[in-house]
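Take a look at these structures.
Each of the next two complexes has subunit A plus one more chain, namely subunit B in the first and subunit C in the second.
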Partner chain A sequence: MQSTTNRRVFSKEEWEKKLSQVQVDRRDLNLLVMNYLVVEGYKDAAEKFSEETGLDPGVDLKSIAERMAIRTAVQRGEIDKAIELVNDVNPLILDSNPSLFFHLQLQKLIELIRQGNIEQALKFAQEELAPKGEENPVFLEELERVMALLAFEDRATSPVGFLLQQSQRQKTASELNQAILTSFAQEKDPRLPNLLKTLLWAQEQLKSKAIFPEMDINTGVLSDPPRE
Partner chain B sequence: MQVYQETLERRFYEDLQVPVHGCVIGNIPSEVLSKIPCAWCNKDKCEYLELTKKNLCLKYQGPGKRNEDAAAARTLFPVPSCCAIFYFEIKVVSAGRDGFIGIGLSAANVSLNRLPGWESNSLGYHGDDGNAFRDSGTGTPYGPTFTTGDVVGCCWNLMKGVVFFTKNGLALPIAFRNVAGILYPTVGLQTPGEIVEANFGGQNFIFDLLTYAKQEKLDLMSRIYGRQLYLEDNKLMNDILDYLVHQGYTCTAVSFSRDTNQGEWVNEELQKAVSRHSICSLISHGYIDEAMKEMEQVYPNVCQNRKVVFQLLCQKFVELIRKGKVDKAVELGKTQLVELVTCEDDSENASYLNEISSLLAYEDPSNSPASYLLDYSKREAVAQILNDAFLQAEKCPRLSRLESLVKHLQVLLEKLVTIQDAEASLLSLQDFLIR
Partner chain C sequence: MKSLNVVNTRRLDWFETEEIILIERAILSKTKCFRNRTMDKTFVEGNFCLEKDTTDTLKETVKRIKNLCVGHPAKKREYIQQGIIPSLLKLIDRNDSELTWQICGTIGILANNNVTGAEQVVSASGLSTLLSLLSSNDERLVKQASQCILSALKSAESPVKIFLENVQLLESVCSLLCYPQAPTSVRECTSVILTSCLEKADFDQVMDWSRISNFCFEKIKSYNLSDPRTLTPYLTILKSLTMRNREIGKQFIEHNLVELLVEIMRGVDMAMKTLACRVYTNLMNFSLLSEDQASKDTAVIIMPLLNRMLSNTDKNIRLEGCKMLTQVVAIGEIYQKQAFDCNLVHCLIDLGRCISISDIEAACILLQAVAAVCSLVEECRHLVIESRLFSLVVNSLDTSYPDLRIAGLSALRSLSRSVRNLRASLAEAVLMEPLLRSLSDENKQVQIQALSTICNLVLYFSPLKNSFLESNGLTTLLNLCYSNDKSLKYYAVWALKNLLFLSGSKMKKRIIEEIGMDYIFCLIEKGEDYSFQEQGMNLLRNLTCTFSIECEKETILDFIDEHCYRLVLCIQDSLQSPCMEVVLQALYVVCNFVVGSERHKQAICNSKVPILLLDFLTNPNYLIRIAAIWCIINLIWKETNDINDVANLADCRRARIASFMEMGYEEMLEKLLVDSNVEVRGRAETALQLLRDRTMSESADENDYEQMSRGILL
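Up next, the complex of A and B:
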């Protein structure tokens, strides 16, 4: 138990009073929201938000649509289509990012296995992926993990079953989304999570020197500060 | 890809904002801002020193024979403990006879007949031997020597508790660690003819302080942003939606909820938001009567709230004057407004009524001292009061979650600065709003 002596105490009333005095510009909050919509790729919502607030989305909304089409393709397991679409946007994205390209191909292999196209999967793995694995031990390990799927009768419940889950597609889709954003020289992370991290950091810093009502970032509710 | 990544990083770097106040870096409270070091103090200096050029230039005029003939000067105010980085420079105008010149920091009680670093609670970098001294008459080899024409700086990074020096714009390695306490910029001279001129940010520094500060800020941010964040599923999505609904951005909310499959909850909440906002938007456009009519239908309870009604009628009074309907305004004032003020016995309301009544005194109110009352921002303020009252009537939280989080962060940063958290003074809400 930390000693509470010498720590300043802010009661909930005091803190709430202070909160009510802080002026936050509506426009600032809108900027945060717009940033989230754009980076996460909610094109329609970003468009509507721009209309309702008069805020410039800061990017060509068409580029969001492209990104979303690509993301959707990966999430549906249509990897060839996704690759085609990325190359339409900018062939350099995959050319200059071997690790990303390899992950897309791995995802394609996973999809072939999921469909039960075992023969095709083996051929694809041997011809396209194995040579890359020979050059790169990390790639090889990743490839072996996917190939392990073939060893199990009931793949979904096997130790590598997670590869068949939707979250694996999400992971690949996110990696691709970030690479495309980077290629546009656009931010790839929304700012809101960083704001929350800063809030948690600030609470920890203050906790070492003061007692005050902390906020649960999930609910936005202030706790009652512990009694002295 | 590399190139794009670099473009991105450069842009981020250029947009990064660092609060600079002369020699002090950090968002510090205004009462502290008026007490930052800006010149040598003519009382807290050794008598052997002559002070000129707006108390920035020091000239040694003592005997210069023994160590005890050393002469130091401090600034009037110490380095503010709540800032992130402190920096000042001196130019050696003349190294005089021996160039025994020291630059550094010292506490208020350190003898003024010593060079900085010789005594406890002081530290310094000396020009004749390039040594660093801390709490001792014996120095340790540190940097190059410095002499006539050189510009030497002292940088205290309060976030890390380190001090390093610069020579002619180049940073030297860290000289001291665990530097803390109330310390004053200090310079010490020891032989005849020595002249130094200080710069506390009144002019551009030779050292690129801004780039250093930006780098330190990036460091701090990457430490904070590198944390793990454990959030409930869809937390961010829900916060965004909550905000959109709360503020009544209905079209965006509908589109967003469709994309994220949260339709049902949204429909119900949106209904409420739509009616809240249609009334508020009437006020924003100056249609007070229409707003009140709709309010009677949707929020009869709020119509019983005399405080709210008073604000609405006051705005109506202002709108009447704006339209030149002075007779009607006078009528409104004499009857309903006066009535509300008398039965409420609210001095604040009474004085506001007096304030707006002053509009009647001018032939052209929009070009009068009272014209601020006609500002459109008054409409927005009334709309906000109304919106809050509606939310309260619906038992909705007054603030959206997003706004609560942002406000809480703002207060946290403010409080951290007041308890002298040097790191927090580098951060601000604007970090998340650039571009």
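Up next, the complex of A and C:
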């Protein structure tokens, strides 16, 4: 079985046999799936999965709905509504996290600019955001970047046009979602993606020692081992 | 609404937006007194007149105030100054769940990071009102009330005072924790309250904590493997309980929970790992774990965790790591070595780069860790002294914050134990001036730490000894020897004792002239307690030592000769002390006192000392046995320093030996030839040879003798 490069070679059959010998607790796999559904906010799926597997989701499913309502509000640009909803969930989330609160306010400013409500945008920036920028140079820089939108006639194609893209709302929504999860003492990130990253890393490490059928992460299918 | 701006336009400019005007209208339209008054006057009276609103309006109003205050410290301050918190607390009486929920959220915000707000919650009996809400069936309300309580406790200046004054309230917190159906939020909230209370020493006596510890043990035993975080409240409480209470630590082990603790320590959840490590360290601190197991777990789990914490990007986690490190390495030298091996000293040095002296709390925590990690291990000291962290230590001595000065002095005290490094870096730093200033500090703890540091710096090998004497340090030290404060006096005597250690006769004379032999005798005769008697005897031990680092062959000091009678009486009394530390020092004094003087030998032999020495040969403490044998050796050794009177000296010695033989010394020493301690056996053999072969010393190498007899005295 020794190759010329001293790497051990495994045929697909051998490898599959070895994989089948690894004992994985089904409950652990289910927990992994449940963790993904809960963290990512798939409330209905988590509910169904809980019914089918008998697993406790570990959180009040209602809290997932609340979290998703907040996420949706940010993604729609309804920042005041989102803030109000967060404050209903736990008012300390924003009060104890000045950076997150500032980012939400910046998003509100972006929405005002997007709507063309320039007068109100200027007033809001001046009264609410500028004092915070004075205290914190990072905030000031971020504020200046948003305010730069006002300098362009065609804002969407301007160098700071990305701020008006949906991805900016997503970014703010994710930051908020993570803060809410942390406040529930829940993990901020699902475990599954990390596990997949570990799998890829382990495959890379193994390549220097063995020739084996690698797993395609997208399909979960084992490839044929490369020939020496 | 424009009238709102009459009082202070700048201050109230946030009332301008349309939304806020609506809020104020909701509050103020029901406030009859408002129309003819300025806003300030209405608020100063602490009366929002919210009571007159309908519940529905109030819900809306309170909610809006909450949203208005989130993230706006200035707005919070305004509301708090106008006395909104007591008004909101009163509204809880309406028993409307939704309104109460909004109120809890709003008060939580007002008290969050605001000392005044938090104090208002506590002073307005808010805590008991809020605690009563924790037994509600409305889970949402319970959660909100818990958060509100935690906000207030976190920000209040002395959050646990109210529980110390009202034990009933504390009992109710315990009942809430132990209530079988208590939701997670209640368990978290009550555990934080109890932990805060337990961290104040006084609370140990306030109530019997066994009910709580037993509850926590049971909960931990039945924990859910898939989510160890459910253990957080119980481990948090046990962390605080095992910190001071050995018995509870013992029970922890008896409940077979150590294995579980190690499992959590090995886990991935950083917060849980930290918590478990804290409990584990407490158990180690009380020597409740086997040394082998503890040192292995510390090396494999705790030190790497501390490395991760100290290398974290979050400064708070790094400081938490510092606190944990301080606790672990204080247990023993082995852990300081492990900390060194795990690169933790480098981590502290790195942390020092991002902490300025103006960040008082952080600098204190860091310096305490430096003090702890450097107290016994030379390699750690070397790294710190050679790094920029050392300048933080030196600079801390000159700050106006007592806590920082104490932490700095405590670090310097550990660093000053370094024999090798003392010669180089410490001597270069301008230390003596701030140190001497600290000796006269207004804060007693600063003085004590400074004295402890001086103790190390005035030892014979210290290059700073001369600097201390030249800066008139001796006068300050002698003044402190007369301090009415027991601790100050104790440490001052200690420093004086170290100053005398291996000093030449010139220095000894100078010190005795200034302080007087009477002072030393009084310490022993009228010492407040054994520790002073021990120190007094130790002073005499160093004073009577005729070997000095200057290598001068000292004659027996005249000033000692003058006090020979009183000294022998003092020795005799001290040898009969029930305190073995005092006895040991007295034996050392005998050893030193009789070297080179036939007159002193005779003075001792004419007292009760030889009889007492005989008894000490069977003392269970091997150190006492060794010291007693040394006394015998020195008493029967042939002196050669007085060549003019060799014949007389030999006669005296023979007579002494005869008397010792008669007293049964030979039999006693023979028994010690099979002693369990190797040094006792060796010394007993030497003493027996001297007793039996009366000519031995005549043929012995004098240098060997000098070394041998003086080896123990230093």
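Definition applied: the second predicted complex is superposed on the first by the 217 of 228 C-alpha atoms of A that agree within 3 Å, B and C clash if a C-alpha of one lies under 4 Å from a C-alpha of the other, contacts with A are read in each partner's own complex, and residues count from 1 in each chain.
Just so it is clear, contacts are C-beta pairs under 8 Å (C-beta built on N, C-alpha and C of every residue); 3 or more make two chains touch, one makes a residue touch a chain.
Here the structure is a predicted model, which is why all the values come from computation and not from measurement.
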item	value
Clash or fit (per the criteria above) of subunit B with subunit C on subunit A	clash
Partner chain(s) touched by A:Leu31 [first = subunit B, second = subunit C, both, neither]	both
Partner chain in contact with A:Val160 - subunit B first, subunit C second, else both or neither	neither
Which superposed partner A:Gly58 touches (first subunit B, second subunit C, both, neither)	both
Which superposed partner A:Glu127 touches (first subunit B, second subunit C, both, neither)	second
Partner chain in contact with A:Ala148 - subunit B first, subunit C second, else both or neither	neither
Which superposed partner A:Ala210 touches (first subunit B, second subunit C, both, neither)	first
Contacts of A:Leu92 with subunit B and subunit C, given as first, second, both or neither	both
Residue contacts with subunit A in the superposition, subunit B compared against subunit C	B
First, second, both or neither for A:Leu196, with subunit B first and subunit C second	first
Subunit B versus subunit C as contact partner of A:Phe101, first or second or both or neither	second
Footprint overlap on subunit A, where subunit B in one structure and subunit C in the other make contact	31, 58, 92, 96, 185
For the subunit B and subunit A complex, residues of the former touching the latter	1-2, 4-5, 7-8, 11-12, 221, 224-225, 227, 229, 231-232, 235-236, 239-240, 243-244, 247, 249-252, 254-256, 258-259, 401-416, 419, 421, 423-424, 427, 429, 431-433, 435
Interfacial residue positions of subunit C with respect to subunit A in the complex	13-14, 16, 66-67, 69-71, 105-106, 108-109, 112-113, 147, 151, 226-227, 229, 232
Of all residues in subunit A, those that touch subunit B in their complex	8, 10, 15, 18-19, 22, 24, 26, 28-29, 31-33, 36-37, 42, 44-45, 47-49, 51-53, 58, 92-93, 96-97, 179, 182-188, 190-203, 205-206, 209-210, 212, 215, 217-220, 222
In the complex with subunit C, residue positions of subunit A that touch it	31, 58, 83-84, 87-88, 90-92, 94-96, 98, 101, 127, 185
